[in-house]
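When the chains are written out, they are named A, B, C, D, E and F in that same order, and each has its own residue count from 1.
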Amino acid sequence: MSATFRLAERLAENRPLVSAWCGMPTPETAGLLAAEAFDAVTLDMQHGAIDFREVLQAIPLVAAHGKPTVVRVPVGAFATASRVLDAGAAGIIAPMINSVADARALVAYTKFPPVGERSWGPAGALALNGLQPPQYFQRANDAVMVLAMVETRAALDIVDEILAVDGLDGIFIGPADLSITLSGGAGVNPAAPEVDEALDHALARTRAAGKRIGVYAHIPERAALFKSKGFDFVAASSDANFMRAGARALLGGLAG
Amino acid sequence: MSATFRLAERLAENRPLVSAWCGMPTPETAGLLAAEAFDAVTLDMQHGAIDFREVLQAIPLVAAHGKPTVVRVPVGAFATASRVLDAGAAGIIAPMINSVADARALVAYTKFPPVGERSWGPAGALALNGLQPPQYFQRANDAVMVLAMVETRAALDIVDEILAVDGLDGIFIGPADLSITLSGGAGVNPAAPEVDEALDHALARTRAAGKRIGVYAHIPERAALFKSKGFDFVAASSDANFMRAGARALLGGLAG
Amino acid sequence: MSATFRLAERLAENRPLVSAWCGMPTPETAGLLAAEAFDAVTLDMQHGAIDFREVLQAIPLVAAHGKPTVVRVPVGAFATASRVLDAGAAGIIAPMINSVADARALVAYTKFPPVGERSWGPAGALALNGLQPPQYFQRANDAVMVLAMVETRAALDIVDEILAVDGLDGIFIGPADLSITLSGGAGVNPAAPEVDEALDHALARTRAAGKRIGVYAHIPERAALFKSKGFDFVAASSDANFMRAGARALLGGLAG
Amino acid sequence: MSATFRLAERLAENRPLVSAWCGMPTPETAGLLAAEAFDAVTLDMQHGAIDFREVLQAIPLVAAHGKPTVVRVPVGAFATASRVLDAGAAGIIAPMINSVADARALVAYTKFPPVGERSWGPAGALALNGLQPPQYFQRANDAVMVLAMVETRAALDIVDEILAVDGLDGIFIGPADLSITLSGGAGVNPAAPEVDEALDHALARTRAAGKRIGVYAHIPERAALFKSKGFDFVAASSDANFMRAGARALLGGLAG
Amino acid sequence: MSATFRLAERLAENRPLVSAWCGMPTPETAGLLAAEAFDAVTLDMQHGAIDFREVLQAIPLVAAHGKPTVVRVPVGAFATASRVLDAGAAGIIAPMINSVADARALVAYTKFPPVGERSWGPAGALALNGLQPPQYFQRANDAVMVLAMVETRAALDIVDEILAVDGLDGIFIGPADLSITLSGGAGVNPAAPEVDEALDHALARTRAAGKRIGVYAHIPERAALFKSKGFDFVAASSDANFMRAGARALLGGLAG
Amino acid sequence: MSATFRLAERLAENRPLVSAWCGMPTPETAGLLAAEAFDAVTLDMQHGAIDFREVLQAIPLVAAHGKPTVVRVPVGAFATASRVLDAGAAGIIAPMINSVADARALVAYTKFPPVGERSWGPAGALALNGLQPPQYFQRANDAVMVLAMVETRAALDIVDEILAVDGLDGIFIGPADLSITLSGGAGVNPAAPEVDEALDHALARTRAAGKRIGVYAHIPERAALFKSKGFDFVAASSDANFMRAGARALLGGLAG
């Protein structure tokens, strides 16, 4: 019924989601992609050009299509995670969670007591979902999906401990950063064999922990691969890439 | 050398242009499409969600790729045409020019005396192009392409008179509105046979008048057709359509 | 089903509407008021601080509550009326329609052929309502409510002729301007007796013409009066006044 | 007492004003210049990059220094003139008033009945000045300075008729456009001898008519000249020029 | 004299303040409420939709009414506290100060040496208040009110230690979060008896420490209670609630 | 060739740079100053009114003049440093680096592995510079200039250790904060003798370490002094000061 809670409901039914990925500083883009066959829309505040105001404006445009908005916050921006949850975001992807302490801090800012220490004040989420405060308070800790990005060797080494953090719903793999760290800084290649090994390992450990795992696919082929492997949440390509692809399809047909 | 003047130069060399078409309220979209193989970017203030501020911000982003920006203004918004030329736009598309008086008013606002009555104050264009006032004044009337939209039966009936208006560089056909008027309001079909007849007629009359003709293509197939027919300026599809097409290509590959 | 068409449906059922009135430059305000028991939200671009961008952003926030957005455009801004209809507005209130020619120009910009000359390009409305172009084209002329403001002695004198203009859905009375003109410029008093006489006259003439009549109520008492008189569309007070009233209620309780 | 009325008060005391001229799309610039020794700040919506929103935001920042804001609107944008007066602007400069009909239309949109037909709704001005509606209504026609730009040969030829238009407070000379028209479109030179002759003539005719005359000075030398000639309102240089001048002063000192 | 310093002056006179509470992303709302009988306006960046830009724009609008602006920053956003003080904010409310280390960090970012480590650069505050740098530097540490939010059991347990932190002006109670923590995460009820007990205790301890105490009242009844108890700073309800209350008052009168 | 890399190239050639300093919340200001004879433009997010969105928009406007943009981030805002580098900034100035741990954290967020831990995602920088990911990855650590602000006594005491941090390109002196700390909080005087001594000391230690040193000059005289002393990067005055200086030059000429 409520767009914000759709994400948790889908996962509870073991139905994986494919999410659009947005980095352009315009809320209308998110709304446009929500009208397509994606299950969710993810807004990237870490590497995208999206800031707090655009997130605020995009969430209701995505919700108008009955779909949840997930937000990737900048590194360490846990207070921002709280703010976008207040605005009605359905999930948080937090980059560079490299220690159990990082993971616990993430939970502290995104789950209400007694699980975490999230502060009360979800005016936007209440308005979006038509809930009264007690209802939202009771449901929010379950409904909000909080994923810790595992994208360094350090994080991979303690993936079980991260997955065991109470209140954390799962992990999200960043293949590009992972490729950099796994190559010792030699280069970036999100489809490198060692990245795929790490992905398989992380998927297996997540399943063992009974939690959720998401992943970013920079190209359609990778999205198809990740979907077939059974990842719970596959965020693919980007608004900019979609636009480029559409433009190139037209221009290719006009050339020659 | 200067992005603003690239449009006139291309036309002087009898090299037709293909333009992206933008309606989303974000200047970054225009910049992204300028990086693709389009010859120009057109911003739609009539039916798009673009307002003055976005045009101001988009023009330098397009110019950074050495390409001209064309602006379609709202109906009758000739003063807005002056303002976007001041900001460095290379061309104007003015909708619903249905009389010679309309066409003359358009020229009055977009060409300096003695051709028209455009008021002096091109601060943005000077800054963008690195010109001094006398240089810009001497070149602007030739460099700025002003196209009157012919998109009603009334306009078609007097297309020769419109084309004869001094200072007007040519016409631009709007197939959707033309289809409505040619069907007597029965429906909208930009690819109707009577539209194609009108397009051929307008093209022939433009050639006879020694002026320029542009057209909007709502789908790639029409863009290819119009290019093959020899239209001088083919504006195709839209930023939103490109994004949708790219998203659907991904989603199609993931389905089933 | 579609928020844009709710307005026409309500009127077709002879169920009068009460609308919030917004002048603050923030789309969120419109969304907040749409969540209250208003039947519609009206955005004031004439005397309010609202510009095109805010209208674009407010329409989907109001539609999220299943309610239509009406826009009062600035004097003579008929092209702006077209633009906000493209964005999904359900109705237009056009100020200072003082002649039949004004009324016809208003219709020309807001109704498609053969009734008017509205240009095709409702991308926002299609996206908002999930319609295909032919559906929207067939329904738009009936669904969009276009009201001419009658607010001068000159307009009152020809109210029958204005009401007779084909394609115009009705009139909207502006009591403040009416009071100025009826007093010969002596002062402003929207509740003056001569204003009430004029309102009754206009209501009677509208009923005789089988069209619709709206009115602006600057205070709650007037809204109640107009509702009891049977006006079809009563727009009341304003976002700023609501905020002031709420603040004063609190402060009154704290004083002393 | 009220910033909006300061302009009329100064003119009533026969004390000429020097105004800053702003074209950058940022309200803070206007506030910064209001803190300097200017008597007023003028915002240029015709050739500047300023739109409605920036005017709304700049007016209170200028008023915070007890100074009036004047707005130059785009050509023919009389409805915009009404809107910025509603927001608290103290004066309007309207470009390209080339006929008595133009001048009358300008007055119609900027003065209340019985002088003109300005529509009631000055919410911003009331809030800014702390006035009640009756007070503002009584004072506004006198307090708002409306100047018609005389900047073509056609306008010069009928300057007496323009000055005679009831409700018009005076004229404002645009030397650049005047130089273009006086040279028959040969070039732009705001300090050409024929421009100076025209300025002297316009000044004399204005004095004969008992009205006010303003002028734009593109460089400091011209501002000094105009001030010494006794122009009532001298608007000088621009925010961008001030910034450039300040930067060049620094850079000059660092060079070599 | 200066709006920024009004807050400290009021407190020095032992005159409690009632503040409006703003969460809507529009600076005009803050200005509107400043015109009412509030003593201050508080902008909520933690749970409100307000970001840095809106704070920058709201401060002068509030100051135009001679009133101070207080800003509640997000959790841990001490650098943001510095930035809004630079812009002329008169006070800071910092949420979730749960340790003496948190309180000291807050002081470090908001008080100049030797009390704290606030970095120099108050351009906005200087412009707003018309002060020279030495004047502002001498007065700022006394004039800026810095309140640490006590809203967890952990904070309550060490309230004396927090109050003892040098440079901290006092505390601010958040009843909603307090109710969550005091109930062990069972629910949210800002008017629960244990909250009231905690409030009385915190008030007594603040008086014993000779510092200041503020509190948030979510409904008017609580504001009246807190005022009667002698809290120094009572922030009440919200801009959104005021607007809803005003709208409901109108709608209630129209129903039936 | 690429604006982003121009900064590193200049420094590699031992050619010092003079940078404009911007604090006004408008990207156009940065573009305007880039057109002057500055070698770079620095945007101040710490004490200026500039936020993330303005940085994003300013970078391409500065790059259009072939010049690099440097960004001073707020205290501790290392994640923001990553974000503006993603957008194409050429350098980072980080305030209040008072320990080796601070300096290492700064490097972690601004240099890719193996030097630091910067996360991959430079979409803006790639678009701006026309590079492919592997090219940017290989060049970014060298091309991005990261300067730690040394502006407290604590930092001065360990300046050698800070300069020794691997991946840090150098330091940047903040004379105002330095004067506060060196005076024990007695006052602010960026041209105090002890500040000059500290500057000379820092310059000598930087040369000994083979790294780079920048400094802020609040007035032109200090900029000239610092340039003559051989500082690598002198950022001078500010956009606001330039505008004031230009306005005062005009007004001075008009007075009397």
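As a working rule, a residue touches a chain if its C-beta (ideal position, glycine included) is under 8 Å from a C-beta of that chain, and two chains touch if they have at least 3 such contacts.
Just so it is clear, the model here is predicted, and its values are computed rather than measured.
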item	value
B-F compared against E-F, more contacting pairs	E-F
Centre-of-Cα separation between chain C and chain B, whole angstrom	33
Whole-Å separation of chain centres (CA-atom averages), chain C against chain E	40
Separation of mean Cα positions, chain E and chain B [Å, integer]	53
Chain E, residues touching no fewer than two other chains	25, 32, 49, 51, 53, 240
Chain contact graph, described as a line, ring, star, complete graph or other shape	other
Footprint of chain D on chain B - complex, ascending	51-53, 56, 78-80, 82-83, 86-87, 109, 112-115, 117, 119-124, 133-134, 137-138
Chain B contact footprint on chain D (complex, rising order)	23, 25, 44, 46-49, 51, 53, 74-77, 95-96, 151-152, 174, 176-177, 180-181, 184-185, 187-188, 238, 240
Touching residues (chain side chain E, partner chain D) in the complex	27, 31-32, 35, 57, 60-61, 63-64, 127
Touching residues on chain A, where the partner in the complex is chain B	18, 20, 24-26, 28-29, 32-33, 36-38, 49, 220, 223-224, 227, 236-237, 239-251, 253-255
